[in-house]
Every structure is written in C-alpha cells, then in structure tokens.
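One chain, chain A, links the two complexes that follow: it is found with chain B in the first and with chain C in the second.
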Partner chain A sequence: MITIPYKHKMAAHCESGSITSLLNNAGFDITEPMVFGISSGIFFGYFHKMKSFPFPTFIVRNKPGKMRENLTKRTGIKFHTYTFKDPEKGRQMLNRLLEQNIPTAAQVDFFYMDYIPSWERVHINVHFIVVVGVNTNHYLVSDSYFPKLVELKTESLNMARFAGGNMSPKGFLFHPESIPKEIDYEKAIIKGIKKACFNMLKIPIPFLGVKGIRLFAKKITEWPSLARDTEHLSHEIMKINILLEDQGTGGGGFRFMFASFLQQAAGMINKPELLDFSRKMMEIGDGWREFSLLAARFGKNRDLGPERMKELSERLMDRAQVEQQFFSQLYKTIK
Partner chain B sequence: MTEILSAELKMEIKKLIMTTLNINDVNPADVDDELPLFGGGNKLTLDSVDALEIIMAIQRTYQVRIADQNLARYTLRSINSIAEFIETEKAKQHPETK
Partner chain C sequence: MKEKDGYVNFPEQQVILYVEKEDGQYGPMQTGSYLSGNYLDDYEIKRYHLEESLRTRVMKGEISMVKYYMILEDLTLSELAARVGLSKTKVNKHLDPVHFGKAKVETLKKYADVFNVPVSNMLQVVMLKKGDNLESYTFLEENKQTEGIEQMKTENPYVMLVKIGEKRK
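For the complex of A and B:
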C-alpha cells in the first residue's frame, strides 16, 4: 500500500489542472490560468470534414500535450515523459514511480473513471489525472474534475491508459523533473501572449484561429443537410454547449481562463494595460456563453429551422470579429 | 441578521430560477433548500441547459460570475449552495459590509 501525501485541488481543465497540481505539490507556486496563458492554450479550430470526426466539430484550445511542451520551452520547467507499447510495462513503471513517492500524471480515456457517475462518462482519450497511491485493487487518484482524492479500480486505470482509437493514450505518463530556481516571467508571459495572437490571427490555414470561427459561421448553415434527421441535428447543436462550457474549459470556451491569466500577468510583469484586455476577454467569454446557451436552447426545443441556423451563424461571425479585434490590439500592445 | 438575509436571498433565488425558466406551476415555498435541483427529488428538476440559463441569470442579477463549470456543478446543487456562493462572492466584493 502506497499513499503519497498530496494536496488535491479542483481545476477548470484536466491538463492545465494536472500540470498546475503537480507543480504546486512539488513546492512551486503557479496558478492554472498562468500555466494556460504562458503555454498559449487559447485557440480555435473548426473541422468540417475530417476522417476522424463523423460530423463537423471544433476545438477551443491547443493540441493536447502542447501546454506542457510550451510551458517547458518558455519557463525551463522540465517534465519526464513516458509512453509504452506494452501495457504490462506501463503498469510496472507507474507502480515503480509511486514506490519512489513520485506523483505521476496519466493520460486516460475518461470513460473508465469509475468514480464518476456512468451517465456523465464518455470516451475521450485525452483526460489527465494524477496518480498518488496504489494498493492491491485500487489506485489513489487526484482528478481535477472531482472534489476529493478518489480510488480507481486497477483494471479501470489499466483499460483507461491503453484504450484504443483516436489520440490513444499509449500509457502516457509525466511528472516534473526539474524546476529552475529563477524564471523570467516577463519573457515567458510575453512569448505566451504573442504566440496566442499568432495562433489566432496568422496561421495560414483557413480553418484555424479567427479564420476558423468565420468558417464555422459559414458552414453551420450546412449542418442540417449533413445530419441524419432532426434528432441528430439537435444532438450536434447541443454539443456546441458541451464543447464550450462543459468539457473543462473553465467556461466561455477557455476565454474566462485566458482573461484570468491576463489579469494575473498585468500585476506580475507590471503591465497595467493588460487589465483592460482581461476585462474585454471576460466580455468575449460572456459572448461565447450567450452563443452556447442559444445553441443549447435551439437544440433542446428542436427549433432548428433555417432562420435559427442563420442566427447562430451571425452570432459566430460576431465572435470572429471581436476576437480579430481583440488579438490584433493585444499583439500591438505586447510586441 | 445573516439568517434573515439568507432566507430572503433563498426566496429571491427560487423566484429568479422560476422566472428565468418560465416555470409557473411550482410554489417557490415548496422548493426544498437542501434537496438537489438536478436529477429529481425536489419540486424543481433542472437539466444542463437550465443550469446555464441560471448561471447567466445569477450573473446578471447579482454581478457574480460562475465561470468554471466544475464550480457550477457544485454551486448549483441546491438552493442553499447557490445562496452560500452569492453571499461569499458578495462579501469578497464588499468586505466592509460583512
């Protein structure tokens, strides 16, 4: 039986939350929004036709794993990472790390988190938890979506770490390796903001960043022709709300978390002008939340005629415009 | 005094929820303060879309933001927890009136 003393804390998002929690428990003081902001977590991408998605979808954050990688690049905080072809070797390594009293983050399929009610669980291969103990039948887990440390059945964690399908975890583990004594926060924060602005404005791909929001606005009116029937369309329209509000985004599609980052950054690097950007980003988040609620209402009421789709499209076009303006001004201010 | 405020606040919250969700067939006094608002058991039974409507109504009415959906899940579990959240957030905004 191994139980590593670990201070559990809830977080808005599983990946930024796990990174923050591991660092805090290693004695390093950093907040989740700061991790998210330095690592340029904010993003947008719209995928209308892709093999891996049976129906159009969108993302509001950078690729899983990028937060950790970008944080390392910009702060010098290093993480030890592991992947495995053989589940048995993956299990043995996790147990060995726990024997050495190293709390370790694991990438898992959310569906197997058996401490969460079954009706809330879906197959998503990019959930992150921190494993902090083990006994004969269970692992002790810190899950940022859950209010306290929980036990997870050994077989559930093994299944979750080696689930197949898109973005399969392959037993992926990570834990902090070294934390520099001095971090140049000004450089890290500015780099994080600049890259976020670049990602939102300048990537020359028509479905990423603000261009992606515009494409979403144009293409959402085609969704009725892609759906099997009204029930299917209603389900997909209601998923907009889940992706923006209920998948560890911190609300408003990560926009509230980015606003908190800007607020903290303003004080840390003495740039009070960022406070105004923080306030504007909160308003942008509110706008996404209103859009999300509108979509959820239409979906719930099966009110999905052409006028309603046009209304959603117009709201999205408005989101694109405010984000274009926001990130352009932010870039000018920070460069 | 705090208890009286809380009782008033809880009644206000019940009325706010009903107005926001256009519920006319429930008496606010019949809604239990402690029983869960989601998943049945209370006079009000809400779903996730209702939750977002309530979050936004609370924000508009009390100028307190429930940004994080994990926080929302626990804040919106009962009338008592909503009242507690609003009082705590208001106290943070105006510490001198505590």
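For the complex of A and C:
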C-alpha cells in the first residue's frame, strides 16, 4: 500500500485545480486564478450540432490541456506527460510513479468517479484528478470537486482512463518536472491576457468567442424544436446553470475567477488599471449568474414558451455586448 | 458576487465559487450547489419519467437495452460507437431489439462496461418493490435507495452476483 503525503484542497475547476494543487504540493506558491489567467483559460464556444453531443451545448473555457501547455510556454514550468495505447502499460506506469512518491494527475471520464453523486456524473472525457496512493483494490484520489481525499476502485479508474470516444484520455498522466527559480510574471500575465482577448474577439470562426455568444443568443430560440418533449427542454435549459455555475467554473462561467486573476495581477505586476477591469469582470460574471438562475427558474416552472426563449436570447445578446466592450478595452490597455 | 450571496446549504454537492469578500478582495469560498440545493427534486422527477418511458418501450419491444442506456446516459450514436469500438452502423442496429438479439455476449459486455452496469442488465429490467409500487432498480440505484438488492461483479466477467434481501413478513 502506498500513500503519498498530499495536502488536498478543493478548487473551482479540475484542470486549473489539479495543476495548482500539484505545484503547491511541490512547494511552489501559485493560486488557481493565476494559473487560469496566465494560461488564458477564459473563453466561449457554442456548438449547435456536434456528433459527440446529443443536444446543443457551449463551453466557457479554452480547450482541455491548453491550461497546462500555456502555463509551460509562459512561465517555463515543465510537466512530464505520458499517454498510452496499452491500458496495462498505463496502469503499470501510474503505479510506478506512485511507488516513487510522485503525485500524478490523470485525465479521466468523469462518469466513473463513483464517489461523486449520481446526478452530477456525466460521460465527459476531460476531467482531471490527482492520484496520490494505491492499495490492492483502490486508488487514493485528490479531486478538486470533492471536499476530501477519496478512494476510487481500481477498476473504475482503469475504465475512466481508457474510455473511448471524443477526447479519449488514452491514459494521459502528468506531473511537474521542473519549476524555474525565477518567473517573469509580468511577461506571462500580459501574454495570458492578450491571448484571452484574441480568443474572445478575433478568432475567425463564427461559433467561438464573443461571436459564439451571439450565435448562442440566436440559436437558443430553436431549442424547443430540438427537444424530445417539455421535460427534456426543461432539463437542457436548466443545464445552462450547470455549465455556468456547477461544472467547475468558480461561478458566472469562469468570469468570477478571471476577475480574481485580474485583481491579483494588478498587485503583482504593479498595473493598478487592471483593478478597474477586475471590478468590471466581476459585474459581467454577475450578469452570467443572473442569466443562469433565470434559465434554471424557467426550466423548473416549465415556463418555456417563445417569449421566455426570447428573453434568454436577449440576455445572451447583452452578455455578448458587454464582453465585446470589455475585451476590446482590456486589449487596448494591455498591449 | 458578494460572499453572502454565494452561500447555499447543500453539503451533498460542494463547489468552489470566486466571490468578493468583506474586505473587497476576491477569493474562493466553498459552498453548496445552487441548482442541486434548490431543484434536485425536479431533476429526479424528470429522470424518473424518462426512465419509465424508456423502460415501457423496452418492454414493448420497440427499443433495446442499448438504446435505453444510451439515452439515459446522454450519449450520441457516434459517441457510443467510439466508446465500444464498433461501427456506427453496427451500434445503430443494436438499438433495435431484433438486431440486438444477434449481438455476441462479448459485445454486450463492452456496452455494459461503457454504461457502467452489470452485463446481466443488458438482458433484464430489475424492479424493486417500494411500498405498494414497483420501481426501477436503475432509477433507485442512481438515487442510492437500493436497500434489499445488490448487484456485484465477480472475477468471472460474465457472471454477476445478485444479493436479494430477506423477505419481510
């Protein structure tokens, strides 16, 4: 039996949370919002029709894996990564790393995390946990979404690491390899902000960034025609709240965490003008939260007629407008 | 968001929100999920109705257990095919009870692994007596209300151990 001493802490999001937690446990002091901000985590994308999703959906963060990659590019913090074709080799490598007392992050299908309540668990291949121990039948896991260290059945972790389908984890593992003695935070933070602004404003794809929010606003009025029945529509409308609040965003679709990053950044690199942006971003997050609570209420009351859909659409158009303005101003200030 | 506005008393599902603290600093707070804390009963009602309607269709021979679990677990045909490692055409056939009957046991095992259910559940619907009613084991298990029955895997991948509770007098 192996148990690596590990300080577990809940986090808003699984990827930024597991990166932060691994670094903190390696003795490096960095916050989750700083990891999120430097890696340009904030984003928006709307997917009306995709083979992997049974109903239209949206994302509010950059592509899974990008947080770690961007953090490496901008700070020089290196991670050792592994993928496997053969599940048995993947299992052996994880055990070997644990034998060497190396806490290791694993990419998994969230559905098999059987300590999480059933109503939360969905098939999504981009959940990250940190494995910190192993015995005959279980692994010991630090999951940002769970209040304490928890045991996960060996069989469940193996299934979760080698689930097939969209963004299949392929047994992906990572752990910190080296942390530079000095980091140029000013450069890293500015690069992180610039790239976030670019992603929100300038990607020439109609469903990404602010354009994606506008597309969502336009398409949400079509949702009733795509649902099986009223209860299905209610479920999908209420899922908006899950995607913006519960599914590891820190609230307001990551906008609160980005506000927190800007506040920290203002002090760290002595740019007090970022404080104003931080306050504005908190207000933008409040607007997203109001929208998500409204969607939850409409769904619960089955109040899903054309007028309500139009109301949700208008709220989204408003979000697009304020984010367009915000990121344009932020880009001008930071460049 | 102010810290006081983020508080939800729901220990069963905790989340981290970034909020404005009393001193004006933004930072994390651990709290309950707003949606689950306020509307979990509504989710369960919808889930119950969906399971009931799919089960009825299974028992009428309209759909197979593959389609039953595929819809319950919110998977598309493409996603399910990629997860079980079969072509979409083949999986599409298995959604139909007639073609499902031609599937090999090892194929059923692949489906059961993806759905995270015992392989025997690909061929049966388990109902439990609850008060004067019968309720679906699938639904009850999701809600951890399955006193009286337990389905466990054995070292033999094709044999499940089903423990049924003592009959009450």
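Just so we're on the same page, the second predicted complex is superposed on the first by the 334 of 335 C-alpha atoms of A that agree within 3 Å, B and C clash if a C-alpha of one lies under 4 Å from a C-alpha of the other, contacts with A are read in each partner's own complex, and residues count from 1 in each chain.
Throughout what follows, contacts are C-beta pairs under 8 Å (C-beta built on N, C-alpha and C of every residue); 3 or more make two chains touch, one makes a residue touch a chain.
Note that the coordinates shown come from a computational prediction; the quantities given were computed from them, not determined experimentally.
Engineer: Report clash or fit for the pair chain B and chain C bound to chain A in the combined superposed model.
Structural biologist: With chain A as the common anchor, chain B and chain C collide in the superposed model.
Engineer: Let me test your reading of the model: by the given contact rule, A:118 touches which partner, first (chain B), second (chain C), both or neither?
Structural biologist: In the superposed model, A:118 contacts chain C only, not chain B.
Engineer: Looking at A:54 after the superposition, I want to know if it touches chain B, chain C, both of them or none. Which is it: first, second, both, neither?
Structural biologist: second
Engineer: Please determine whether it is chain B or chain C that touches the greater number of chain A residues.
Structural biologist: Here the partner covering more residues of chain A is C.
Engineer: Between chain B (first) and chain C (second), which, if any, makes contact with A:241: first, second, both or neither?
Structural biologist: both
Engineer: Of the two partner chains, chain B (first) and chain C (second), which one does A:252 touch, if any: first, second, both, or neither?
Structural biologist: After superposing on A, A:252 lies in contact with both chain B and chain C.
Engineer: Check the residue A:12 against both partner chains and state whether it touches chain B (first), chain C (second), both, or neither.
Structural biologist: both
Engineer: Between chain B (first) and chain C (second), which, if any, makes contact with A:224: first, second, both or neither?
Structural biologist: Neither: A:224 stays clear of chain B and chain C.
Engineer: Could you look at A:290 and tell me whether it touches chain B, chain C, both or neither (first, second, both, neither)?
Structural biologist: first
Engineer: First (chain B), second (chain C), both or neither: which does A:300 touch?
Structural biologist: A:300 contacts both chain B and chain C.
Engineer: Overlap the chain B and chain C contact sets on chain A and report the shared residues.
Structural biologist: In chain A, positions 10-12, 144-145, 147, 238, 241, 245-246, 248, 250-252, 256-257, 260, 282, 285-286, 289, 293, 296, 300 sit in both the chain B and chain C interfaces.
Engineer: Please output the residues of chain A touching chain B within their complex, sorted ascending.
Structural biologist: 10-12, 144-145, 147, 238, 241, 245-246, 248-252, 256-257, 260, 282, 285-286, 289-290, 292-293, 296-297, 300
Engineer: Flag every residue of chain C that touches chain A in the complex, lowest number first.
Structural biologist: Checking each residue of chain C against chain A gives 1, 6, 12-20, 25-28, 30, 33-36, 38-40, 42-44, 46-47, 49-50, 73-76, 78-80, 82-85, 113-114, 116, 141-144, 153.
Engineer: Please output the residues of chain A touching chain C within their complex, sorted ascending.
Structural biologist: Residue list for chain A touching chain C: 10-12, 17, 32-33, 51-54, 111-112, 117-120, 122-123, 144-147, 155, 159, 163-166, 168, 231-232, 234-235, 238, 241-242, 245-246, 248, 250-252, 256-257, 259-260, 263, 278, 282, 285-286, 289, 293, 296, 299-300.
Engineer: Okay, in this complex, where on chain B does chain A touch?
Structural biologist: Interface residues on chain B, with respect to chain A: 47-49, 52-53, 55-56, 59, 65-72, 74.
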